[in-house]
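Shared between the two complexes below is subunit A, which has subunit B as its partner in the first and subunit C in the second.
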Partner chain A sequence: MRRYILKRLLTGILMVVISVALNFTLIRLAPGDPVKMIAGLDDPNPEQVRVLTEKYGLDKSIPEQFVIYIKDVLHGDFGYSYVNERPVLEVIGEKVVPTLMLSLTAMVLAVVLGTLIGVYAARKNGGPFDTIMCNMSYLFDSTPSFWLGLILMLVFASTLKWVPTSGMVNLRAPATGIGHVLDVMHHLILPVSTLVIVQFPYYFRIARSSVLQVMSEDFITTFRATGMKEKRIFNKYVMRNAIIPTITVVGNSLAFLISGTVYVETVFSWPGMGRLLYSSISKRDYPMLSGIYLIIALSVAVMMIIVDLVYSVIDPRIKYDE
Partner chain B sequence: MKKKIEAVKRAYKNNQQLKVGTVLLIFLLLCALLASVLAPYSPYVLTEDIRVGPGVNGHLLGTDALGHDILSQLLFGARTSLRIGIVAALIAGTIGTLIGGIAGFFGGKVDKFIVEFINVFVMTPSFFLILIVVAMFGSSMKYVMIVIGLTSWPGNARLMRAQAISLRNRTFVKSCQAMGESRLSIMFRHIIPNGIFPIIANTTMRVSGAILMESGLSFLGLGDPNVISWGQMISNGKAYLTNAPWISIVPGLAVVLTVLTFFLIGDGLNRVIAPKMNANK
Partner chain C sequence: MALLELKNMNITYKVGKKRVFAVQDACMEIEEQDAVGIVGESGSGKSTLAMGVLRLLSPRIADIDGEVLYNGQDFLKLNEDELSKLRWKEISVVFQKSMNALSPVHKVGAQMEDVYRIHFPKASSEEVKKKIYDLFQIVNLSDRVYELYPHELSGGMMQRVSIALSLLFSPKLLVLDEATTALDVVTQGQILSEIMALQDKMKLTRMMITHDVSVVSSTCNKVVVMYAGRMMEQGYVTDVLVHPKHPYTQGLLRSFPSFTGAKSDLRGIPGSLPDLSIKPTGCVFADRCPHATDQCRSKLPEMRTVGNKWQVACHLAEGENNG
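For the complex of A and B:
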């Protein structure tokens, strides 16, 4: 077990270093000059260029810049965003909360709904409910989230006026207390629904096919032969085995929670990581981009390791030493 | 291989998805190929009718805020979507087949290294990588296709590796080895042709992913500005959602239809390969 954890940790660290190095190099190789961006001019005067280049360490070579960056990161300094004029970590910290609020809520709902409907459809395999849900899952799987968001906005916000079109808060609503919470929840409805609709087919299909697969296994037939009640077989033996794939998949999606909502955030003007990422790209905010990427890579690595460990506890068939 | 094609033919007869998918695919291909014949206007021409609804003045699907005929743009957009989707998926399929084939057939240290590499690669946030590359290096169609292709091969590689491992101990491969055929030649002449089928199915599925990705990039304004794309059309209509909703709705439906087509075909092919899953899925 110990060796297994150690190995997973090493792989995780390796992955973070590789992806950050790759990303760091890519960003710096890209055309476009950040000095011009900061100066805000097409041809800033040489003095200004020199000062800015030195101030942000852009005069050093890329490997040198990388070493300095890694050193700083290990000290908890993720860099200074020259567009926002604030430390990168501070800006990210501000945006992570709205994104997590959005993506976690959506994921929990999608997982619960998808799994429940999937399990139910599998029990009624071949029936009308099953057929309808399967076709729906195909359809929603093919729907781009940004387009669905626009359609929902058109119907429920612009036409029916049930929910606000975009943003996270209404400036006229109370900024604190229960009124604030309700206001944010009101704004959450549409983006969360969009995400749930496009994500649920995934969990639906996994739950459905793993239940069906387990039900076709020999040991279930044996239980039936012994005359065990169908309900007991299902609750005690089928579910336990069929839920394992869902757990893996949930873990994998957890890893991408902070990066998976770019489209929906753009459509609904949700002030989160996705929009931060998008605006940082268009403004060539290198430290910000490296910071966001590092956070994403770290969260992916950490979640993957946790998932692997949880998995090995749930499913005793997994070997630790390989 | 021949046997498998026969199997596909047989399975095709009672495979609803494959049937619907093929019909849709033919329709889409016709739209794309005959775009210049079918389109009532040039997709770039600015007509006098600004934001008119579907059916007005002979514009079957209306016009956008600049007066572009939406039907014409839609037809030409099909070219972009299909080309990007298919090329990107083919790139991913080729890379995946080669890497997976080498890993599975050669085995040993090579295999270990490749498997570890795939594991690390899968964990890197590829969507972010695509965004950065396209945003920073320019968004010509070429880059979009290559980047999507380069980031979506691991699934294929895993499939091919499994295939190669199961094939490598078969008698016919062993006898080729005994006759002194070189390893590379065995891989290309026997392992890959015999194991390619699941990769074909998966590549078809990947086309949908690539099309969705491309429309997303165009929606964010990171697509190729020189070609007509559905994502861009959706994005153009965003500002007129309340008074001219068709500008966004129509291209969105086109995306759904196209993605669904490849999804159905891929899934249909998958069922042909694994008939056991027929009952299951």
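For the complex of A and C:
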């Protein structure tokens, strides 16, 4: 087990390095020039362009820039954002919390709701509830989150005025303490609902189909033949077997918690990582982008290792020590 | 009185609007401590018959009618609770694919313990453990298996686990549904001889479902030959498998190599199983029967007795009609 973890850590580091290198190169090869963005004019002063290019080290070759970047990162220096003129880590640190607040809440709700409803639908397989939920899951699965967000906003914020349209806090009436918490929660309702609605079909279908599949396994017939109560068969044997695929997909989605809500953050002006990523791309903020991609790669690598470890606990057929 | 008696049992699968007549008019008796083999090719309804007798077919997918008398009590009329009290204690099963007979993510011993507690919920864990260790010994498994997961066992070991599990409550009737089919011949031989030894020791009555005539001839006392959901011929192995009266039994026996017979004797039965969703007017085997007459195609043959407990459903077989 220890050897396996070590092996996974090494491959994880390799994966992070490769993805950072790829991102680093691709952003710089893509059309667009950050210096022109910063200079801000259609016809900037050549002197200013030269100074800025040198200042950011963009006059050096890409491999050279990469070596410098890696050296700095290893020293804990992720560089300065061109646009914000602040350390990259500081900006990311500010945006990570709102994003996690949004995406983690939505994911937990989607997983719990989707799985519970999926399991229940599987038990009532073929019944009206099952049929309705299956159709709804197809409908919501094919609904774009930005469109749904706008529609919900139109109905519940603009027309009914139950919830605020966008943002994370009411800028006109800043509150502190418990008032601030309630204000944020109030602002969370719409974006979280949007995410839950588009994400729940995924967990619903995984849970439903995996319960149905386990129910048709031979060992279920064995337990039925022994006279075991249907409830016990379900709660003890079906659930334990059927939960494994759900763990897989939850693990995979965990890895994308900090980057997967770009559309919804944009629609609801949520001050999170998704919007930061979007604006950094459009402004060619190289250090910011490299920093974000590095964080995403790291979180994917860490989550994958955690999922593998959870697996070995849940499924005895998976063993890592050879 | 027979331990188990089937009277005109029909099992019909419901597939959408279609009806598949998987078992038709099954009549048979199993005496206490007897060993009865049910043979037939794939799709002949042998396993369906067993599943029907055990009431393991959901009413959603299959209709069952007729009578299944166990010690004179009709199994098909019991409610779920009454049935649960009899399950495994009176009748237990060893299933076709024993590799999948237990949950892959729970330990073998824990699952057997769980089954034991269905009928003895207050049993102490030492008592349960001892019972299971004893059974392991009977089927030649080491105690180690208790702490293992199903995937850590070989096919033969899992088969032994399944047998041990089936003997947990010393049942009267043991149903073996293709229990040794997936094993290599050496392991199959070992397990069959173990089962026969157990049968004497534990006074079991055995119903053995297989497509392997040689397994029946070497381990059973009586045999029932099924084809397309119908019983073609039944009686003592020494009669039916030695001097078969039904053309289907004859054909089935000719498709197996004999140990001493000439190689040229090996022949299959041309044709394939009929569509089970259409009820034929005559004999179900008529289309493939080399001796079929007009009568065979127009009139369903009834079971007639041709010897001591020897019955044949064929117009061409001679004997008294007891239909």
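Assume the second predicted complex is superposed on the first by the 313 of 322 C-alpha atoms of A that agree within 3 Å, B and C clash if a C-alpha of one lies under 4 Å from a C-alpha of the other, contacts with A are read in each partner's own complex, and residues count from 1 in each chain.
The rule is simple: a residue touches a chain if its C-beta (ideal position, glycine included) is under 8 Å from a C-beta of that chain, and two chains touch if they have at least 3 such contacts.
What you are looking at is a predicted structure, and each value in this text was computed from that prediction instead of being measured.
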- [ ] Give one of first, second, both or neither to describe whether A:T226 is in contact with subunit B, with subunit C, with both, or with none.
- [x] second
Open item on the list: In the superposed model, which partner reaches more residues of subunit A, subunit B or subunit C?
Closed with: B
- [ ] Examine A:V35 and indicate which partner it touches, taking first as subunit B and second as subunit C; both and neither are also allowed.
- [x] neither
TODO: Check the residue A:I314 against both partner chains and state whether it touches subunit B (first), subunit C (second), both, or neither.
DONE: second
Open item on the list: For A:E217, using the defined touch cut-off, is the partner it touches subunit B, subunit C, both, or neither? Pick first, second, both or neither.
Closed with: second
- [ ] Figure out whether A:V300 sits in contact with subunit B (first) or subunit C (second), or with both, or with neither.
- [x] first
- [ ] Considering only the touch criterion stated at the top, classify A:I18 as touching first (subunit B), second (subunit C), both, or neither.
- [x] first
Open item on the list: For A:F146, using the defined touch cut-off, is the partner it touches subunit B, subunit C, both, or neither? Pick first, second, both or neither.
Closed with: first
Open item on the list: Identify the residues of subunit A that lie in both the subunit B contact region and the subunit C contact region.
Closed with: none
Open item on the list: Could you list, by residue number, the parts of subunit A that touch subunit C in their complex?
Closed with: 217-219, 221-229, 232, 236-237, 240-241, 244, 314-317
Open item on the list: Residue numbers of subunit A touching subunit B in their complex, please.
Closed with: 11-12, 14-15, 18-19, 22-23, 26-27, 30-32, 125, 138-139, 141-144, 146-148, 150-151, 153-154, 158-159, 205, 208-209, 212-213, 216, 255-256, 259-260, 262-263, 266-267, 277-278, 281-282, 284, 289, 292-293, 296-297, 300-301, 304
Open item on the list: Which stretch or stretches of subunit C touch subunit A in the complex?
Closed with: 54, 56, 83-89, 92-93, 95-97, 100-107, 114-115, 118-119, 149, 151, 162, 165
TODO: Could you pull out which subunit B residues touch subunit A in their complex?
DONE: 116, 119-120, 123-125, 127-129, 131-133, 135-138, 208, 212, 215-216, 219-220, 231, 234, 238, 241-242, 245, 248-249, 252, 255-257, 259-260, 263-264, 267, 277, 279-281
